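Here it is: the structure, laid out below.
Each chain gets a letter, A, B, C, D and E, in the order it is written, and its residues are counted from 1.
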Amino acid sequence: MLHLILFLFFGAICVAGAVNLLVQSHPINSALSLVVVMASLAAEYLLLGAEFVAAVQVIVYAGAIMVLFLITIMLLNAGKEERTKGSRVATLLGVPGVTIGAVLVAWTLLGRSSTTRSVSIGALWGAPKDIARLLFHDFLLPFEITSVLILIAIMGAVVLASKPEAVARGPRKDA
Amino acid sequence: MVPLSYYLVLSGILFVCGVLGFLIKRNIITIFMSIELMLNGVNLSFVAFAAHWHALSGQVFVFFVMVVAAAEAAVGLAIIIAVYRTRETLNVDQVNLLKL
Amino acid sequence: MGSVNMESLSPIILSLVTFIPAAGGLLILLIPRRDRDIKLFAFVISILAFVASLHLPVHLHRELGPFGFEIDKVWITSPNIHYHMGIDGISVWLVVLTTFLTPLCVLISWASIHERVKEFFILLLILETALIGVFTSLDLFLFYFFWEATLIPMALLIGMYGHGRRVYAAVKYFLFTIIGSMFMLAAILWLYAKTGSFDFVVIQHAIRSGSVPGFENASLWLFLGFFIAFAVKVPLFPLHTWLPDAHVEAPTAGSVLLAGVLLKMGTYGLLRFDVGLFPEQAHRNAPWIMVLALIGIIYGALVSLVQPNMKKLIAYSSVSHLGFVVLGIFSFTTAGLNGAVFIMLAHGVATGGLFMLCGILYGRRHTYEISEFGGLATPMPKYATFFLVTVLASVGLPLLNGFIGEFLVLSGAFQARPIYGILAATGVIWSAGYLLWMYQRVFFGKVTHEVNNALLDLNLLEKAALYPIAIAALVMGVAPMIWLSAIDPAVQAALAPFTQLASKVVGQ
Amino acid sequence: MLPMTTVTAFSHLLPGLLAQAQTFQPPQLADYMRILPELVLSVFGMLIMVVDPLLDEDSSHQSLGTIALIGTFTALAATFCMAHYPGTAFYNMVRVEGFSVFFHFLVIAIAAVAILSSFEYLKVQRIRAGEYYALILLGTVGMCLMSSAIELVLIFIALEISSISTYVLAGFRRRDASSSEASLKYFLLGSFATAFFLYGVALMFGATGSTNSDAISQVLRSGNVPVLAYVATALMFVGLGFKVSSAPFHVWAPDVYEGAPAPIVGLMSTGPKAAAFAVLLRVMFEANAPGRFWLIWVSAALSMTLGNLGALVQDNVKRLLAYSSIAHAGYLLVAFAAQPELGTSAAMFYTAAYAAMNVGAFAVVSHFANAGEKYVTLDDYAGLGRRSPVLAATFAFFLMSLIGIPITGGFFAKFYVLTAALKSDLVGLAIILVLNSAVGAYYYLRIIVMMYMREPRGEVPVPRVPTAAALAIAVCVLLTFYFGVLPGRVLDYTGQSARQLVTDTAAPPASSAP
Amino acid sequence: MTPHPYLWLVPLLPLAGAAINGCFGRRSSKYVISAIALVFCGSAFAMALGLAAGFSSASAPYYCDLAHWIRSGSFQVDFSFYLDQLSLVMLLVVTGVGFLIHIYSVGYMWNDDGYYRFMSYMNLFMFFMLTLVLAKNYLIMFIGWEGVGLASYLLIGFWFTKDSAAAAGKKAFIVNRIGDFGFLIALFLLIKHFGSLDFTQVFAAVRPLSPETTGAGLLTAIGLLLMVGAAGKSAQIPLYVWLPDAMEGPTPVSALIHAATMVTAGVYMVARSSVIFERAPMAMTAVAIIGTLTALFAATIGIAQTDIKKVLAYSTVSQLGYMFMACGVGAFSAGIFHLMTHAFFKGLLFLAAGSVIHGVSGEQDMRKMGGLRAYMPWTFATMGIATLAIAGIPPFAGFWSKDEILWKAYGASPVYWLIGVVTAFITSFYMFRLMYMTFGGEYRGAAAQEAHGHDAHGHDDHGHGHGEPHESPWVMLGPLVILAVLSGVGGFVGYGNRFEHFLAPVFQSVTEVAQETSHEAGGGMIEYLLMGISISVAGLGWLLAYFLYSRRPQLPARIAASLGGLYQAVVHKYYMDELYAVLFIKPVIDGSTTILWHGIDQGVIDATVNNSATAAREVSDTVRHMQSGNLRSYAGWVAAGGAVVIAYMVWMGVR
């Protein structure tokens, strides 16, 4: 019961944060809502027994990645979002589509799948040691390959963010 | 006791929120955040399934996803900066030089 | 000694004939851009190919086996594609026709091509190879390969060296043909998928022995798949509208080969593949195909009658003439088929000649409009004479080549379906009408445009190109047996399934 | 950067970790042999980054390019070595078999040609060479891994490697707003699609309890496929469909192709695409994804139709080729709808042939584009046949191959796909394909018509063809020609590997490292 | 059947002449050209005479197989020639008259620029005509048939700079083609049912068949179709329209081709096919009716013509009608007899007319002639004989043959006879009208000459001075005289049915029929009565002409005025050309242009193609607009696509 309450509590926060992200018009607010989502997700991980994941979630995601976002927002001095009407497709086709898809998936997950098993609170089993064993043995190759990924990301970020000598400005549609 | 499917539905909701965010937000950075939201939803699924199968590999995936998310964030934000340099806007509706 | 050489030549002669022009074309690449050298070289190559091709009818064993000079080598193993070539009495003459017309095309282009000469002759020679390949291939894949290979050089010839609306014409030509041939490709692939072979003989045998699964249901579609590709090429009404445009815009050599040989690819295909592989469907669908052919004959003639443009007039006349061929083929009578094959050859010579003549005039006046001329017989009597001979050959005057085929086709069609024969025979009247009317307007009367008074008569080069045409037209008309003696056995062989079919029908 | 990577790459050698992992068998030489091309490429990629700062800006183009080229050639050699070590490696993470060797070879060759055709381009466009080549090489690592990985997570990471490197590469013309826009669109939509793919992976994991394709296939073959697996397939298809730009997930392609640097478009329209197709093959055939048939059928038909129709009225050559690549993705998907063995073989051949002709075409385009990619509209190609006969002829040759005229690779590619489709009784799809190729002929023809049948426009310059680009184009011509005239050996190979791929998975999964 | 190894030489000799003159004539002197043309044509004539001398009815027919021409399956056609009584008659007529006209042409065409061309064409014509006559099968006959058409085309259009000549040549060819169409279909029927076109084989197959008296059968169909062919060549209703126009050609051509030989080919063909016709009574009747009508119809037109050659042309049509009538009533030998005499006198008439035209510097309008008797007595004399012959005044040739026909026609039906007699009256009238207008009275041309100028008739005045009318040179008068002799005495060949008996082996069974009818008709008394009537109508015609054109030259104009529309109709040949133009030519041209070419070809087919191209472009444009450039839209597409995919897959999974 407690489990359910906790789940619902954090779940509600999580969803509220996600919805808030959508609703807020200033990117800073959105970013902060995302932090809320991530933090509450960490709690959900804990509920699922994944302690190490929960920790990393807070450190890497909420800590590192979101900071990156915030810095960018600050750097670019992003203002409030303008509600331009650039796309009818997104609203007329995309949103209903997503809704239908979501309902179908949810229905599948709830009703048809074999995932009726439940988890109990406090059964922490994702200990760092076990995870390390997996990571450095079974998933050794992906782990190593990740370095290439990171290398690329670093390089890309450096190249793209560095200032080119001359920038040809494209025409702007409207002010 | 919480049925696992609740978690899954929660993850689905997050994912869908991410998709919707992508569709309705105009600010590029926010859109990017929506993607992060989607990835977070997926992560929850992984963890939940890991619990379901009692397979730790599911949790390991989450790390990889995080790494990828981080890498994407680095590159993505750099790209956003590059775009902002050339276009001086963060409104996605105004980034439409290439079309038709 | 000589005969021994000849014998040893036989296995490779087909490849030789087919690829001499293309090899020559590639060699031209290496020649420096001196126009005269290139032209001379192209001429020598094409003559060489002609001489080599003469070996074929001379040494073709007319009784033995269905195909002569066969060569069958594995080309690609895993889709079972063979380099399988061979000719019979039908294709041998089409090959010779091709090699006969190409040197003339070179001659006729001598003066009219000034720009991008190298490319022109390369394209011409490659086109020749592709054309010969179409007639010699016995592997469906190889056939398709050559079939498509004719497309590009021809489209480029039209598009690069043509006149005013050349691009439109080239694109139209290209699209019409490629859309048609896609259907053929699908049909070929279906056959391959079911028989595991592209070999014409093997597939034919498989179909006749009834060992192709699902053939009963698919045969109509297969027949149509082939048919559309060929009908576009022929061109059969109502798929003919690319032809007038292509002809009007094409350079002379292009027109000559287009009318002379390319259209025959369609009728040859109909005869060899559509009829050869699907006799039953051919028989079943013959009525409406014959109706289309008939419409083509009369319609082409009537539209031809009112054309103000010489080349367009001749183009429409081709529609009419080729209608005869299709009519003959689908009459499934010996006479009809013999005549159809003969018309293919005769039309190639006569209409090729007409296009050459038009081209000569175009070279002097840069127009094809009939109203721009009149009274030309006065300044250019030799030209007028050649034109008249060719016109008469085209009209189907006995003792010239047009008559033999027309007569045989009409008699064949009449035997098969009298009313069709009668209607088609009206074409005899129409052809006299449009061609002679055109001739009258161009050559007779007083010279109406002052510039035309100064027109030069034929020069040596042009005469060299036209004499072979005139002589061929006459010889084919007087001694058609030279051709028919080879065509007839092949045609009889092609008709064999139909006699069985007829007896089966009677039996039921 | 280098030390860090080295540390991670060889982390298992660290004594502390060794002590902990002593119960495990460490990876052996054979394991490394099985990822040798990837290793080689990574090493050369890092080498370039090390060398880059040591060279001055002007001379770096040539030498870095040469290093990168050597890297690809070494990797090709490594692929040969790798081919001698069939089997799985790294605890069932990758599998070396005919299939993966083929795609390794293909992807690396594409990278090599792309590098060759970039030599001059970089100089003309004033693009920094170091990162450029490094990104190509490292991106290639990802593509290679995509083809050999049999573990969905590894596939995902490899996919990200190749994607991120191409996101960045797409934005390399940084003086141009359109390039960064292309980069942004590609990046955002790509991440969007990746998220779908990932969600699919998660659900597949949930449905089968494994992310290994062999294991998944076993579960899925055992009957009683959970609905979740269907949904997972759907989501993965969305993600992969995006990567191969099949309709309706193709929308990004035209914009990105138009904005990205031409050699990179050549690369990304073939390399990552080929790799993504490899993944799709694995997921669809090897892992035996359920319910795929109509999905692919419709997507193939849509891609062909939308691609061809969209291309009809394009005036920008790059954009036109982008639409064409959508159409070709559709043709390729037809093979996926066919029987696994035939389809796989046909699809493999198609990717190879398509790579040869498309990379070649883009090599020509990038050569011709000039500084700032000024000359990429159809009008700029007017009279090219007269001004630059050889270049025009090769371009025309590639275009004919794209149309599917005989003696070109494109013909046989289409031909095998059609055969496969007809053998599987996919008459409807075959007819759609046939009709579409007819429509497609039109717009390729427009370019040919422009080049040969229009008068040249004076102001468009025709630069001399530098050796590297000439080499690149020549290689493409030769390959296209080879595929078009003697496709037998390649096809034997693809047929064999396809059989292997399909029968292997039908049997119990191969045991892990020897 | 007797083989005759050299038969083929007869047609081929003129061909050699044609070839030599055609190839080398341009650079040869006119003497050489004349020599070649005359030698080759003359040697053909000599051979014909030799053949006739060696001809024995016992060993006839002779044949000569030269080579295979066409072979297709079991069907075979050879180059082979055939000589029997019928073809011998034709052979002699053709070579004889042809040779005379060749001689005449030397004088007539001497000053023309295209002299070599003319002689070459004439020889070519001889070749084809002889092929036609000597053919052993229908297809070789068809070669000649078409070939003479070609020669006719070339010769009518000989002065091609004259638009009317060029148009007339074309018209002749095309109208003949319409006839050939019927001929061809007949051949196809023969091939279909008898598998051969060889005369002997076909006739052998036909002979056992019984006459098709009820309904239309195979033979009737063949007969009717052959008749269509014959009508085209022999200018019968409704295909006669080309012949008057054909007078645009030089006059020797009119004499040779459009009077003496080619136009009679139709009659020859019908006679040749007598075996078939005889078993197809309906076809026979059709032939008779057409012939009778043509005879009358053309004669009436002849009354009002003022062009000397046009009068003769309509007279030719009319006389051909007689021949048809004869064949139609089964009197084939009478038809051939008339054919022969007609060749003599009509050839002569044309040559004389040519001489007249020559003499008055190219003028053809009779109203501008008159009184020429004084200037050209030889011409007058010979032409007078010919006129007497055609009018049917005994003992000239025409009388015998015409009388024979009328007698036989009476046997078949008195109606034919009546019309025939009326025609004879009209013929006599317009012929004497021609004589009076041309030779009688005063010369009316001098005044007009000045105003009329030189170039109106182009080449036909061949450079003569504008002076007085003058007699022609002897090279022209010689043939006139010879033909005049023949026209005078030629008719005696048929005296006592000798001609008929000679031809009897060819028309075997038919003559029996004819004799039967003559017996039914009542024998001698009636024959002499009828003969008397026909002689008297001829005389009446002469008298009327004398009265109107010699005694009261003003009267015809007044009569014409009083007749008004009818007269106009006759002058304008009953507006037949105009009618054909409105009925056939205009609809075809307009229909082809507006309906077929602009309508179907451009309006439907091309428009469909172009519209589908446009439509494709429009669709393409729509598809393009999917690509709005907006990132969110793209995501929308992806998401929507994804939703569809998911929906489908869920459905698949649940199913």
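Of note:
FYI, a contact is a pair of C-beta atoms (placed from the backbone, for glycine too) under 8 Å apart; a residue touches a chain by one contact, two chains touch by 3 or more.
What you are looking at is a predicted structure, and each value in this text was computed from that prediction instead of being measured.
Note on connectivity: the fewest steps through touching chains from subunit C to subunit D is 1.
Shared contact partners of subunit B and subunit C are D, E. Centroid distances from subunit D, each centroid being the mean of CA atoms, peak for E.
For the pairs B-D and B-E, the count of C-beta pairs in contact is higher at B-D. Taking the mean of each chain's C-alpha atoms, the chain whose centre lies closest to the overall C-alpha mean is C.
The chain with its Cα centroid farthest from the Cα centroid of subunit C is A.
Inter-chain centre distance (subunit A to subunit E, centres taken as mean C-alpha positions): 100 Å. Averaged C-alpha coordinates give centres for subunit A and subunit B that are 5 Å from one another. Centre to centre, using the average C-alpha position, subunit A and subunit D are separated by 29 Å. Taking the mean of the C-alpha atoms as each chain's centre, subunit C and subunit E sit 37 Å apart. Residue positions of subunit B with contacts to 2 or more other chains are 8, 15, 18-19, 22-24, 26, 31-32, 48-49, 52, 57, 60, 64, 68, 71-72, 75, 79-80, 82, 85-87, 92-93, 95-99.
Counting only residues that touch two or more partner chains, subunit A has 86-87, 90-91, 94-95, 98, 101, 104-105, 108-109, 112-113, 115, 138-139, 142, 146, 149, 152-154, 156, 158-160, 164, 167-170. Counting partner chains per residue, subunit C shows two or more touched chains at no residue at all. Contact between chains, per the stated criterion, is found for A-B, A-D, A-E, B-D, B-E, C-D, C-E, D-E. Subunit C meets subunit E in the complex at residues 172, 238, 240-241, 299, 302-303, 305-307, 334-335, 338-339, 375, 377-378, 392, 397-399, 403-404, 407-408, 410-411, 414-415, 418, 421-422, 425-426, 428-429, 432-433, 436-437, 439-440, 443-446, 478-481, 484-485, 488, 491-492.
Residues 86-98, 100-101, 104-105, 107-108, 112 of subunit A are the ones touching subunit E in the complex.
The residues of subunit A lying in touch with subunit D in their complex are 104-105, 108-109, 112-115, 132-133, 136-149, 151-156, 158-160, 164-170.
On the side of subunit A, the complex with subunit B involves touching residues 3-4, 7, 11, 14-15, 18-19, 21-22, 27, 30-31, 34, 37-38, 41, 44-45, 47-50, 52-53, 56-57, 60-61, 64-65, 68-69, 72-73, 75-76, 78, 81-87, 90-91, 94-95, 98-99, 101-102, 105-106, 109-110, 113, 115-120, 125-126, 130-131, 134-135, 138-139, 142, 146, 149-150, 152-154, 156-161, 163-164, 167-174. In the complex of the two chains, the subunit B residues touching subunit A come out as 1-10, 12-21, 23-27, 29-30, 32-34, 36-37, 40, 43-44, 47-52, 54, 56-57, 59-60, 62-64, 66-75, 77-82, 84-94, 96-97.
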